[in-house]
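Order of writing sets the chain letters: A, B, C and D. Residues in each chain are counted from 1.
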Amino acid sequence: MNSYIKDQVEQFQVRNKNRGRLLVSCPDQPGIVSTISQFLFSHQANIIESSQYSTNPEGGSFFIRIEFECPNLDEKASKMEQEFTGIAGEFSMEWSFTHVYNLKKVAIFVSKELHCLLELLWEWQSGDLMADIALVISNHEEAREVVENLNIPFYHIPANKDIRQEVEEKQLKLLKEYDIDLIVLARYMQILTPTFVSANPNKIINIHHSFLPAFIGARPYERAYNRGVKLIGATSHYVTNDLDEGPIIEQDISRVDHRDNVDKLKKIGRGVERSVLVRAVKWHLEDRILVHGNKTIVF
Amino acid sequence: MNSYIKDQVEQFQVRNKNRGRLLVSCPDQPGIVSTISQFLFSHQANIIESSQYSTNPEGGSFFIRIEFECPNLDEKASKMEQEFTGIAGEFSMEWSFTHVYNLKKVAIFVSKELHCLLELLWEWQSGDLMADIALVISNHEEAREVVENLNIPFYHIPANKDIRQEVEEKQLKLLKEYDIDLIVLARYMQILTPTFVSANPNKIINIHHSFLPAFIGARPYERAYNRGVKLIGATSHYVTNDLDEGPIIEQDISRVDHRDNVDKLKKIGRGVERSVLVRAVKWHLEDRILVHGNKTIVF
Amino acid sequence: MNSYIKDQVEQFQVRNKNRGRLLVSCPDQPGIVSTISQFLFSHQANIIESSQYSTNPEGGSFFIRIEFECPNLDEKASKMEQEFTGIAGEFSMEWSFTHVYNLKKVAIFVSKELHCLLELLWEWQSGDLMADIALVISNHEEAREVVENLNIPFYHIPANKDIRQEVEEKQLKLLKEYDIDLIVLARYMQILTPTFVSANPNKIINIHHSFLPAFIGARPYERAYNRGVKLIGATSHYVTNDLDEGPIIEQDISRVDHRDNVDKLKKIGRGVERSVLVRAVKWHLEDRILVHGNKTIVF
Amino acid sequence: MNSYIKDQVEQFQVRNKNRGRLLVSCPDQPGIVSTISQFLFSHQANIIESSQYSTNPEGGSFFIRIEFECPNLDEKASKMEQEFTGIAGEFSMEWSFTHVYNLKKVAIFVSKELHCLLELLWEWQSGDLMADIALVISNHEEAREVVENLNIPFYHIPANKDIRQEVEEKQLKLLKEYDIDLIVLARYMQILTPTFVSANPNKIINIHHSFLPAFIGARPYERAYNRGVKLIGATSHYVTNDLDEGPIIEQDISRVDHRDNVDKLKKIGRGVERSVLVRAVKWHLEDRILVHGNKTIVF
């Protein structure tokens, strides 16, 4: 880690020494907000920002994201978590409690095309993407130099469909060793097995180079060109076992015209992919995303 | 009111029989969310959607918007309001309590150019802008036919700067008579006096035909053309006594190019003005806007 | 036609008394521009705006749109057309020669949802869509009042798949009677037969309420909602015999979020449909669109 | 230059061995297109893409951009230029004749904030910005490492307003030495003197970090924050002697909200600045921009 980013991390951690976040999904019923806010108040926590949403008035699902300041959070955190477990049980909550001070550990997977990786690293170097980028895994060597120059461990694990199991075993071992919280597929062109996906539910973010559900699968820019579309897009989503069918986090598009051939579409598309993936990753890092069935709530 | 819009209103009121909204601004301190949610829970109100924001962790301002379902809200509303007055005093809150069932009463002011008025009426006729459009006031006759065809009262009050006081007295009398909650200046090309503005704080929404603060004042499209800009914009804002300087609610832009003369800029601009004004008005009607100094928080 | 629009048409025709347009597609070869511009120059025509594009340097296709001023165009037009026929033969051109003074005759087809029709009529009334809207055909009665109020002939032709042939015969008869140049399907929810389509090549513009090729076919908003997309779109295209597969003219999108149910998506989508359809129709009326295989070149 | 970019340049030059561009501005009159296209045809040049625009039918200005393929262009270029000088004289043309094969030589000026420089270098490394980046000049040392790593000469010339003349003399000497065609101010925070600007007419592109003409001058993000705008923008323009008043090439915006403090606005703004500057630079490199008074025509 270079000195600038070290500095940025330090400042971030000073700023967020007492900052916590609570993410909750549960069946809706009266009294949830009251109970949670009472709980936070009883620990001297001051709510800074909160967003809440219920799918419908009666019998729906309830979602909330709360960001709060709590004096001496480091000392209190584990006690608060423990206490909250009781409340969570009562309301059948799925929940996560985050001490913002602790950066999430991220693994980036990449193949030969580096633009998404480079955008992530850039944002990270500028102090705009606050995470611990713990390692980069690739089935090719193209990314090694840029990654190692930043003192990030780089692992070359050649991959193809015949050795998928063996490859994923190595990858899972590394993810465990580095205690990874989030896997970002930054144009990693290999399909993951159900074993790998199940081991990381809602923890793998992919970027697909089309406006899903248009052009699911391979070669979307070629197909967009052949269809004569006037906009091309990109989609970031959590990975599930259905190819390109996981919960969509973010999408965006860019205008193209008749003069743009497939190569030009790819170049324009790279810009969209970069920004769409970075937005999705940042939202995940800021605990803004809740998954509900095959959809996301982004607060 | 035609039968379709009557129908839409009826359905809206059935849907929102028990729907309430609470908007609060106050100095930040711990315990506000807890107190409010406890209050709502004690009245069997279930929070459906809430958004909260504080300007900074220590010594800042606190803003919240809560939408809730409460059985028999019509019977309970006044008692709840009364009870909440106590809480509000304790926390030095500015607040409003809305029973969504009761449509807000809106007056639209317009001059000769009708596009913003027509967009508002269109959205209203489609059931997409839920308000009671109580009257239209104009210093010209152009809008009469379309307004009266919809059975909305139309008042022609000629205006110019020499008779401003007299004109505004007539207008204020009408606003009082119709018990108006919101005044929309849909390209009403007259300046309002401080008396008129002070009588309606944060209750007058204007559309300015530029991307403020660029091109404050008159003839923005001519000036945009002369400057050779590549984007033109529109801005909706609450009216204060400083011309085009009130709290901005919404802005948007549209791309233009060297082929577009002033007339074309105006045509393109009309589209932006229409959508920007309608978004601002809808947000106001849905109690989504809180004013903080010279800015808005839009939830 | 009301007096304002009459006035607008008159001004437009004065402005465009001598304005012509030439649209040409042909196999590429050197000398085409030179030949065409020599031809125009020899008739004292001054080129005001031109755009040209070739698909690739060697053996590709050539496309050009030229707008020119030519003194006494009304007298010269037929002679020029005749003379150009010779040039066109030499270069195997498909071409059209337009005297802008002559408004194109348009038929609008609509079903029950009126937003696209209303947007077209609005733009027409504002003098922003310069065409002769000759008639409106609908399989329902909803549009009659608004259409007849503008003194546009309205034809109610009930339709369903069992009587498709008979219905289309009536429609084709009307199109012939009114000498129609362009058919706009403004949310006309009936499928047209190959007979009807073949009779009107590149003369029928449809609006599809999705970002094609996503959600081809029925109920796109429901399917967008179920997929959890973050953007919804609309697509205008020329109609061919493959459902929703014709050459795309224009597309656009609007951002949506987790709070938007199907009804809200439809409302947001209507705004996109309106603007996408109007842009496509205007470009057609301004002779800006050339069809190349299943794609469009829009100059 | 690394091997990838060497490769890209080589491919580009092979592709563009016979590709030329002609940019012309002149008083409008009949026969210009005809004369130019006749000229090109007489040299066996095939027009690939052309765009033309006149400010108004009578007595206006004429602008054209033509891209053509011409066998053995390298041998013919100087003879063609010479011959065209005659035509140009006849029509009082300002014009430029470009052999695309010859990359334009670019100097980048930068201060401490590197995001715009990095974006330019990135696009250049990806082969998406085809230019010869000949040198980088900075009044600080921050950019040295990244620039020299790419084998681009880096010159540190400390600057402040007291030594402006001396600094600019050094800079102009370098620009001459490297035979520079285009100067890009990639967030170079020094004001240039009229001497420097006059020496490089329409050859200096600046990025201003606001949506001009809003927030001319210093600290635009602070002022945008204080005004409470809902969109922030960036503007690229040619530099003239009026601060932030030169011909605008490109502008774009990004949406912000009440939660974004000045720091966040700067971060969001950097993304807009990057893309706006790169688009303007690419258009200049592709000879797409004609300056007309204080405006640009971008083809």
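In this section, contacts are C-beta pairs under 8 Å (C-beta built on N, C-alpha and C of every residue); 3 or more make two chains touch, one makes a residue touch a chain.
Being a predicted model, the structure only gives us computed values, none of them experimental.
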item: Contact-richer chain pair (by C-beta pairs counted) among A-D and A-B; value: A-B
item: Most distant chain from chain D, judged by the mean position of its C-alpha atoms; value: B
item: Chain A-chain B separation of Cα centroids, rounded to whole Å; value: 37
item: Chain A and chain C, separation of their C-alpha mean positions in angstrom; value: 43
item: Per-residue multi-chain contacts in chain C, two or more chains; value: 49, 53, 259
item: Contact footprint of chain C on chain A as seen in their complex; value: 53, 211-215, 227-231, 233, 247-253, 257-259, 292, 294-298
item: Residue numbers on chain B that touch chain C, as the complex places them; value: 49, 115, 118, 122, 126, 128, 259, 267, 270-271, 275
item: Residue ranges of chain D in contact with chain C within the complex; value: 28-34, 37-38, 40-41, 44-54, 57, 69
